[in-house]
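Input: structures, listed below.
Below, chain A partners chain B and then partners chain C, in two separate complexes.
Now for the complex of A and B:
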């Protein structure tokens, strides 16, 4: 009998006997499934958050902040600085020769979260005339754009989903000021959908900000032109500014939270995996123990130790694979597309959706198989070493 | 031979199996300990606030209030002391070295927060008299090796000085220690007068106020009265207890309690299945022995107790070790997450919860096998191979 056919015979005996140890086998598979679910829930959360932030940024838009301010909220620019940026190299000009830039104000207002009923920080962005045109894939899905000079708000779809009282047509009070929600917009699920937009001069006057602006977004002729604008700003002592591409800005904003989530997820999943390995080892040792006589018999009729080794290992891997697939499927069912909101680096709520990709699910399956591999290895070695005579004597 | 010795012998009969179960239990309790401490730290930022009230701008707490409001609130009946604070956005050397920094009025700040922090007398006098002095929380001082008298160049990611400088030169007046282990001490308080006269914009504005009352009985009335007083002004206020305010802030991070609950739940279901199964297996193997014990005159309930004792011992041994590791891990993590959640610690509440879960785990995993062992008829037990 060839080694291959010995191996396949023993493997099929092993796999078919799983049913005899039904509960231990179920518990092993479920333990693996739970580990996979925990890992994938964290990875899906980190990935969803990152997608929301990163999707918002464009390579050919420069965002200009006061040096060292780190976030739009902390920044502040003078009128002179805004003018100088408009005159900078690489900035796109429209038919009239005006720079395509949007001066913006980024304020925080309160909104009430639907699920907890507690107040949370929401960003109100006053945008210049060019502002809407600088956002990719902007679609007004309900109502209309705010009118210039009016107390009118445009609301992001994601914000509407998580916070109450911002339907199109409703009146909103921020302190003493009253606003009407005139439209809702989508930007393909990016962070902008967690914002209110309004006309910059209106926001400036109703929030007592004079002519102050916090950031400037400038449309650049090419992604490379961002570096030119940066060099121009660095060489002018009047401009103590940070000039970065919008893409780089949002990547940086995403990194802190994404790292935190991922750094929490992996250690937790690995710790749980150790527990699951202990469970798998127990199950597989008992599997080997219950088949001692069977293995010894096979050895007596000429089977080698190797088929016994492979048989046990495959049994463990099969259990782990079943668990892994169940875990990945459950994670996909429960978590993919789940809407959540957390405090982002700008100190405001970022609404995002958990996003589980095939690559992430593969991570989960691999972790599951590693549990099966380690949990099966030692018992498989014991199976290979069962002495024939003593094994046959075993009851 | 005592019952305990019998239980112990049973447990040690298959050392590897016992060790693996202990290990799985240890992991679950370690996860429980660390996550419960994390959740508690988030919560304790909320609960450490005594009976203080907070007054913030009604639009949002990041919007400013005029400093003139402080005197008007101080004049109200039942108000003991009002502190005002302004977020400074402080960092040291690099923007990523963030330190929670407030600009405060020194006298009222110490009055209002003295229940939270131990401020040495000498340092208090310096902070009260010297304009450029600051008080520094112990965590921040330890992290950067600052001592009393040191000059610190303090950066702000929001403010700049009128002269264009981006750095405030401050001197350490005192290093203060929180009275509660779970309080956050990565902070600096600098003086509002120094900050206000040097900053380039926002003069005479403050971030928010915190006040103490002469009696908690005044609180409800004051909450209403303050907001009514400033209604229809350009700066309307929102007043609430500091507890409610902190709770809402923690809620902004997302549903932490739910996430923690899910993970701990998953970990415990896992070990429940693993240990439950293994215990059942272990008792089944011993069927004949149990028959022998019964023949020798051991009554059923005693056998029940012995099997339960075994699963309880397993749960307690693994659980206690896991909690000890969690305690060590939280101490180690404390520095790393200080910026976020204040002090991490395994508090007595967590220990009690852990103990209850060990008991439950031991009882649940042992009950089924113990019952079947107790009910087993002798003849059948001896007959079974």
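Now for the complex of A and C:
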């Protein structure tokens, strides 16, 4: 009981003394805050990007690409292959007995960012008649659907927000082609909102693509039917194709970027954490040095070295916790919901929102406390070992 | 005088600095009776502070015996010494050594946190100690809000709050002007006369030494007669 009251008395003295070294303490807390902000910005980015990509995919839609093409942009399918897919097992048929599939052409066009004025690659997707129906939660939020056979564009809401000149009613030029924006759509924040959509035959003819398509999206009777379609394709020598669920496709596309962001974020934050640890060590050593005579006096009175150890460690942890909370709060204020565009699949822009979750913020706080723990440990050991006689002689 | 409180017998204290051995005391004998008020004078570097540190159990002799109330403390472990100090010794320093972030009452309470006392018992003892040094009205004041003399009185209250038998004072008026020094010395004298505290006080001020019952002169690690020192 005497040890507990000693420790609590010394801890409260340490905490109260933080104000006496106001600026070093503030700079230590801010260094921790900065590390936490950097880490959380990367984690929020990775998380938001992942959410955007994951949300786009359905497990009962099959994406068919040329074998080994990995991304839509590199894929290409022949007219025969498209027909054979339509005849494949597990593909949903409409009232007329036609397969519910959308042949799609995926091109890259230029856009100019609103905030920076820089050029960026944007995806233009020519979709078949069934294409719109294959996107969950599609809502035309302004204007109307493009008319078949017309030079008309539908623009994704996120793309419209980030890039200039795509308001409904405006005319835009891509190379030699001219288009009218007739509507804007949402798909619940998924990656499709970063695209332009137009009628497939129009895109094919204006961009001189003949009858070429890159991918086919097929509505399947069930998620399991995707595997049937794949088996069917594998057994037919005319079909050298990759068949994956849309879900799996986007997860795969996202994982590269997500990993990159997360793998960049942690090392950068940890490298910065070393700097913050050095700062914390410095602050805490100076705290111990400036309190040497006080600690020696307590020891002379009969206090043990352990309370001095705990007091110094807690002081460091308190500074780190303050910094961690400031950092997490700042990250939340600055980044949560922040809209950004980054290179996504096929080097086109994907617009997404940073998403900070409590679990991610906890990561930041833990990193902050680790900085406080490491930065406080050695100074705390020094505090516990201050020799009484020499400490009392200190001025 | 009554019984002996402190006895030093053949105390040696030396430091090894590099290859050299520096002796502060080679063979020191000393007896302090219970209830004594002894002033220790001597030139700077003569070992006065070292002697107080040995008496207070914050330093240990290289050889020899130190007895307190018949009990040898020179062989105590560091942990035992901590406990022994909290029971028997009050320290008073030249620069008061108060905790700047604590108010007067909180500073005085520090030694009581080592004792199995309730919060209300601690509060009573703190109030009583502040009363003795006439600082009851400054209980909530912080060191920076008090004069040097007031701070030293807080330090005295802290030294007596757990009722130790012995007070060790290292130049307690070294940082104070004459009038304030006299007040502080008056308080020490009162503690010695009224409360029976045994006081060992290091000072370089002859006027301060006159408040003590007797004065010992230390020079080059030995007690000397005053005439010898003058010669």
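The definition used in the following text is that the second predicted complex is superposed on the first by the 392 of 395 C-alpha atoms of A that agree within 3 Å, B and C clash if a C-alpha of one lies under 4 Å from a C-alpha of the other, contacts with A are read in each partner's own complex, and residues count from 1 in each chain.
Keep this in mind: a contact is a pair of C-beta atoms (placed from the backbone, for glycine too) under 8 Å apart; a residue touches a chain by one contact, two chains touch by 3 or more.
As the structure is a prediction and not an experimental result, all values here were calculated from the model.
Trainee: Determine, under the contact definition given at the top, whether A:176 touches first (chain B), second (chain C), both, or neither.
Mentor: First partner only.
Trainee: Let me test your reading of the model: by the given contact rule, A:268 touches which partner, first (chain B), second (chain C), both or neither?
Mentor: Only chain B is touched by A:268; chain C is not.
Trainee: When the two structures are laid over each other on chain A, which of chain B and chain C touches more residues of chain A?
Mentor: The partner that reaches more residues of chain A in the superposed model: B.
Trainee: Under the stated touch criterion, which partner chain does A:188 make contact with: chain B (first), chain C (second), both, or neither?
Mentor: neither
Trainee: Does the superposition put A:16 against chain B (first), chain C (second), both, or neither?
Mentor: Second partner only.
Trainee: Just to be sure I read the superposition right, which of the two partners does A:201 touch: chain B = first, chain C = second, or both, or neither?
Mentor: neither
Trainee: For A:276, decide between first (touching chain B), second (touching chain C), both and neither.
Mentor: A:276: touches chain B, not chain C.
Trainee: Taking the stated contact definition, name every residue in chain A that is touched by chain B in one complex and by chain C in the other, in rising order.
Mentor: 395
Trainee: Under the stated contact criterion, what part of chain A meets chain B in this complex?
Mentor: 23-24, 26-28, 30-31, 34-35, 37-38, 41, 66-71, 73-74, 76, 107-110, 113, 115-116, 118-121, 174-176, 207-208, 212, 268, 271-272, 274-276, 278-279, 281-283, 285-286, 340-343, 347, 349, 395
Trainee: Help me check something: in the complex, which residues belonging to chain A touch chain C?
Mentor: Going through chain A, the ones touching chain C are 1-2, 5-6, 9, 13, 16-17, 19-20, 293-294, 297-304, 388-389, 392-393, 395.
Trainee: Hey, which residues of chain C end up touching chain A in the complex?
Mentor: 49, 53, 56, 58-59, 79, 82-83, 85-87, 91, 93, 95, 97, 99-102, 110-111, 113-116, 158
Trainee: Which part of chain B faces chain A closely enough to touch in the complex?
Mentor: Residues of chain B touching chain A: 16-17, 20-21, 23-24, 27-28, 30-31, 57-60, 62-63, 89, 95, 155, 157-158, 160, 166, 201, 232-236, 247-248, 251-255, 262-263, 266-267, 269-271, 273-274, 276-278, 280-281, 385.
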